[in-house]
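In the two complexes that follow, subunit A is the common piece, with subunit B as its partner first and subunit C second.
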Partner chain A sequence: MESEYAIVGGGIVGLSLAYGLLDLGKRVIIFDEGDLAFRASRGNFGLVWVQGKGLKQPAYARWSRGSAALWGDYAAELEEATGQSLALQQDGGYGYHLTDEALEQEIKDYTWLKEQLGGNYPFEALRPNELRREEPNVGTDIAGAVYHPEDGHVNSLRLFQALASEVRRKGARFVPKVTVTNVVQQPDGFQLTYGKSNHHLSQKVILSAGLGAMTLGPLLGFKAPIRPQRGQVMITEKLPKLMNRPSDTLRQVDEGGVQIGASAEEVGLDDRETPGALAKLAKDAIRVYPALANVKTVRSWSALRIMSPDGLPIYQESLTCPGAFLVTCHSGITLSAAHARLLPQWMEGQANAPDLTPFSEDRFDV
Partner chain B sequence: MSDENQKTYDIIVVGAGPAGMSAATAAAEVGASVLLLDEQPSPGGQIYRGILSAPEARAKILGSSYTEGLAITKAFSQSSVTYQPLATVWQFDESGSLIYSVEGEVTQAKGSHILLATGALERPVPIPGWTLPGVMTAGAAQILLKSSGVVPDNAVLAGSGPLLYLLATQLIRAGSPPKALVETQTFKDALAAMRFFPLRFSAWKMLAKGFLMMREIKKAGIPRYKAAKGFRAEGSKQVEALSFDHKEERLRLECETLLLHQGVVPNTQITRSLRVQHRWNKRQACFHPFTNGVGLTTNSNYSIIGDGRAIAGAQVAVLEGRSAGSFVAASLGFNVDPADVFKQQKIIKKERAVRSFLDRLYQPPKEILTPANGATVCRCEEVTAGKIREYATIGCLGPNQTKAFGRSGMGPCQGRYCGLTVTEILAEENKSSQQETGAYRIRSPIKPVTLSEIAQCSED
Partner chain C sequence: MFRRLDEAGKKVRFTYDDQDIEAIENENLAAALLIAGKTSLRVNPVSKQPRAPYCMMGACFECLVEIDGISRQACMVQVSEGLVVNSILDIGGNEDV
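Take a look at the complex of A and B:
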């Protein structure tokens, strides 16, 4: 047997799992594609975010909060190992609302969620005056914000870099620039076919291949009902401090630029940027922070989210090919801590593993 | 701004250098409606910058390679082309629509065909210390000279390429001769270039120009150091000297201005943003957009002509412009004499012949293409060559991954200046070809614009 775990996909999700599995002493190999692959890990917004998660499924709110709670220790460990700051800030974040109706609806939704969670769900609605005490640069033409104290953000590119170098240092084997085209379960493990008909044999296999799971998933008996959803984002030139806390649409990164996101478009495998969508982001951003109007935008980008029908992650061990796992989500940064610290126990069948049944593929049965 | 009031033209030309002006004029002559967008306040491009308003004394300093642009610039000014100066084009759509800003006002325009004539940029010269104040490119010094007549005193010129000699003669005529020329080309380069020595008479005319420049430099008593290597710009707050290896010894030339040049390369930011195919050119050590004989890219709505397509200089750019302008007009149904296009194509072929010789003679040395670890590669985000090499060891196969790992190419220039260096370093580290290593993906806005300009493109 060449490895205990073969991970297909070297993005944030795959690297987080590798990091955790290496901690359990597992032999890990990671297969990854090339420079121009669809990489959600390069396009993400960098939030460690609880707000908005699980508004229809409280288990998802609990899981996201759990991961957010693990983040501080997780980041500290990576920082110590790499000597590089991840700029993690977790002192709350906002969801801005432009109209009163939208804000009222949001308050209602969170009130419901709080009841479902037995009252254990902190949030606060901030009206314009209260909001401006916290964020003096917010404009006058907005209705307010929902504040969630557990929200935060991180330098997600440095997280990516830290995981990539740590996973190598801890001994994972890396096979870059290849596409895994087939996985077959054999009596002695899983045989992966990659590149120009190369083979690798592994005891277990994890699909953390993002959109690649659409084609690989069914080969291992997964439904993998995922689809791409395009998100476009912009970043401005570096600015002096303009905002204290991040929001789900605007955040000032530690290098100083303001990141503005994100569209949600159903356009298939198209990761180009479009002027119409960027214009809408720009317009809304100026409404929330009028000072942004005359700030230069240096770049836009666009990437594809990996969406399940209900937007929740999918954690599933194959029913037909035990030892094969599907791990996919569109919140790879927020969940990175949980993926590294909790999923390996689940894959190993340990007693202290979290209950992941709400995220199984059973929920897609008709 | 909405789709209904988007302006439409038969042809939109981007760039008012020799290629763009010639193409626009040729297409307008046969009746096509042409919009020419250019960033500068007046036509001429980099080479003929400010030519319509240059005082006689300045024209004399700049010499015949400058003043010979007057005829085409005048012809362009008198044509029926709609000329929009001070226009920053910041978004190109694959279908032939583009968005530009003029002093904050945003306009969307659509062309049945778009001719890109956006020229070249100077190859980055990432030697240790090149980010110190007082270190500039030779091209930047020329811009100062052409637009405001400003010349540096006692500058040291270092690198290689015809522009270095041209600038030296211009500085001599302006009364501020450079202190020295420190050149990287070697006797071996000269020998290797002889294989490409052009045998045609018209090529000799161009080479004769070169000899005259050398003579002028020699007559002015400017010392020339050839086969120099190990460049280092020294200084703490400002450049104080250039040090280099020359004939087994380390020399140090004190200076307040160091002008670096290592040739020019096509500016591929726009064609990259369009995701058309590019091809690595080994001799010019840069990417070329993949084009056919008249400059058509792999997106049939776009052509590229002049130095932006492949470095060949102003003479070829004019011919390519005329040829492509006529050809595109003909393809849109305007009446063009095919013999005319054919004739220009024949001359272009001959004129290009001299290029192989110059390319080989002034080939950039390895220490410039893949600089030492300490040298800054990405100036915007301050990423060194050593860092790029480190990212290669943790799995960076291409420039887009180095962007994610270390922010190179993420600044306001979007990798315009570091792109080639990053590709070269990664190719070397990963033992891969430059073609396979690839280039930064370029996204709009191609040039930084304000958020309110972007907001003007809103559909509602």
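Take a look at the complex of A and C:
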């Protein structure tokens, strides 16, 4: 057997899993298509985010909070190993609302979620005056914000870099710039076909291929009911400190630029940018932070979210090909800590593994 | 340090932080500022390091100046008579990032 785990997809999800499996002493190989693939790991917004997660499914709120709670220690470990700061900041974040109706609805939704979680879900509604005590540069033309103390953000490109170098240092084999075209279960393991008809035999296989799971998933008996959802983002010139905490639409990154996002468009496998969507983002951003009207954006980009029908992650071991795992989500940054620290135990069938039944593919059965 | 290759053209005057500067009409503003000895146009708001025009083609955003209250890339602006240019504005942020 050439490896114990073959990971298809070396983005942040696949690398987080590799990192955790290497900690358990596993022999790991990673196949990665490279930057020609749709790369959510390069296009994401960079939030470590709890707010908005699981508003209809408390188990997802619990899972996201669990990951956010693991993040501090996880980041410190990566920083110490690589000598690079990940610029993790976790002292709360906002969901801004432009209208009273939107804010009131949001408060109702969070109140429901808090009840479902037995009262254990911290959030606060900030009206304009309270909000401006926290964020003096916020505009006057908004209704307020929901504040969640566990929210935060990170330099996700440096996370990507740190994971990529750490998994190599810990002994993973990384095969770059190859496409895995077939995976077949044989009596002695999984045979992967990659590149120009090369083969690799592995005891287990993990599909963390983002949108690639749409085609590879069914080969291993997964439904993989995922679809792309386009998000467009832009970033401004580097600015003096304008905001203290991030929000789900605006954050000032550690290098000074203000990142503005993100659209949510159902346009298939199309990751082009459109002036209309970017103009709308800019207009809303200026309403929240009027000072942004006078600054330059230096870059815009677009990426494809990997969405399941209910927006939750899918963690599934194949029923027809045991030993094959599907791991897919649209929140690979937030969940990176949980993926590294908790999912390997599940794959290994350990007693301390988390209960992942709310995230199985069964939930899509009708 | 910098000098013009070609002095031909109509002379115009513009101001940079209230200082009167002579240039050639329609000249690249970043170039005109460099010729006038303004080799650093801004300070990086995070690192506090001085920055200078670098790419001269609209990509690096190191030559930002303020014109009419708006942040502009000097290398993408042409000099005109009476142009009022200031070093980059404080957009309301008050502390170090």
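Criterion: the second predicted complex is superposed on the first by the 366 of 366 C-alpha atoms of A that agree within 3 Å, B and C clash if a C-alpha of one lies under 4 Å from a C-alpha of the other, contacts with A are read in each partner's own complex, and residues count from 1 in each chain.
Heads up, the rule we're going with is that contacts are C-beta pairs under 8 Å (C-beta built on N, C-alpha and C of every residue); 3 or more make two chains touch, one makes a residue touch a chain.
Note that the structure is predicted; figures quoted are calculated from it, not measured.
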| item | value |
| --- | --- |
| Overlay on subunit A: subunit C relative to subunit B, clash or fit | clash |
| First (subunit B), second (subunit C), both or neither touched by A:Ser300 | first |
| First (subunit B), second (subunit C), both or neither touched by A:Thr140 | neither |
| Touched partner set for A:Phe174, first subunit B, second subunit C, both or neither | first |
| Partner chain(s) touched by A:Arg42 [first = subunit B, second = subunit C, both, neither] | first |
| Subunit B versus subunit C as contact partner of A:Gly34, first or second or both or neither | first |
| First, second, both or neither for A:Glu237, with subunit B first and subunit C second | both |
| Which superposed partner A:Ala285 touches (first subunit B, second subunit C, both, neither) | first |
| Subunit A positions touched by subunit B in one structure and by subunit C in the second | 237, 255, 292, 294-296, 298 |
| Complex contact set, residues of subunit A against subunit C | 136-137, 237-242, 252, 254-256, 291-292, 294-296, 298 |
| Complex contact set, residues of subunit A against subunit B | 10, 32, 34-36, 39, 41-42, 157, 160-161, 164-165, 168, 174, 176-177, 234, 236-237, 255, 260, 272-273, 275-276, 278-280, 282-283, 285-286, 292-302 |
| Parts of subunit B lying in touch with subunit A, wherever the complex brings them together | 91, 93, 99, 108, 275, 391, 394-395, 397-401, 403-407, 410-412, 414, 437-438, 441, 443-445, 448-452, 454-459 |
| Residues of subunit C defined as touching subunit A within the complex | 44-46, 61, 64, 69-73, 89-97 |
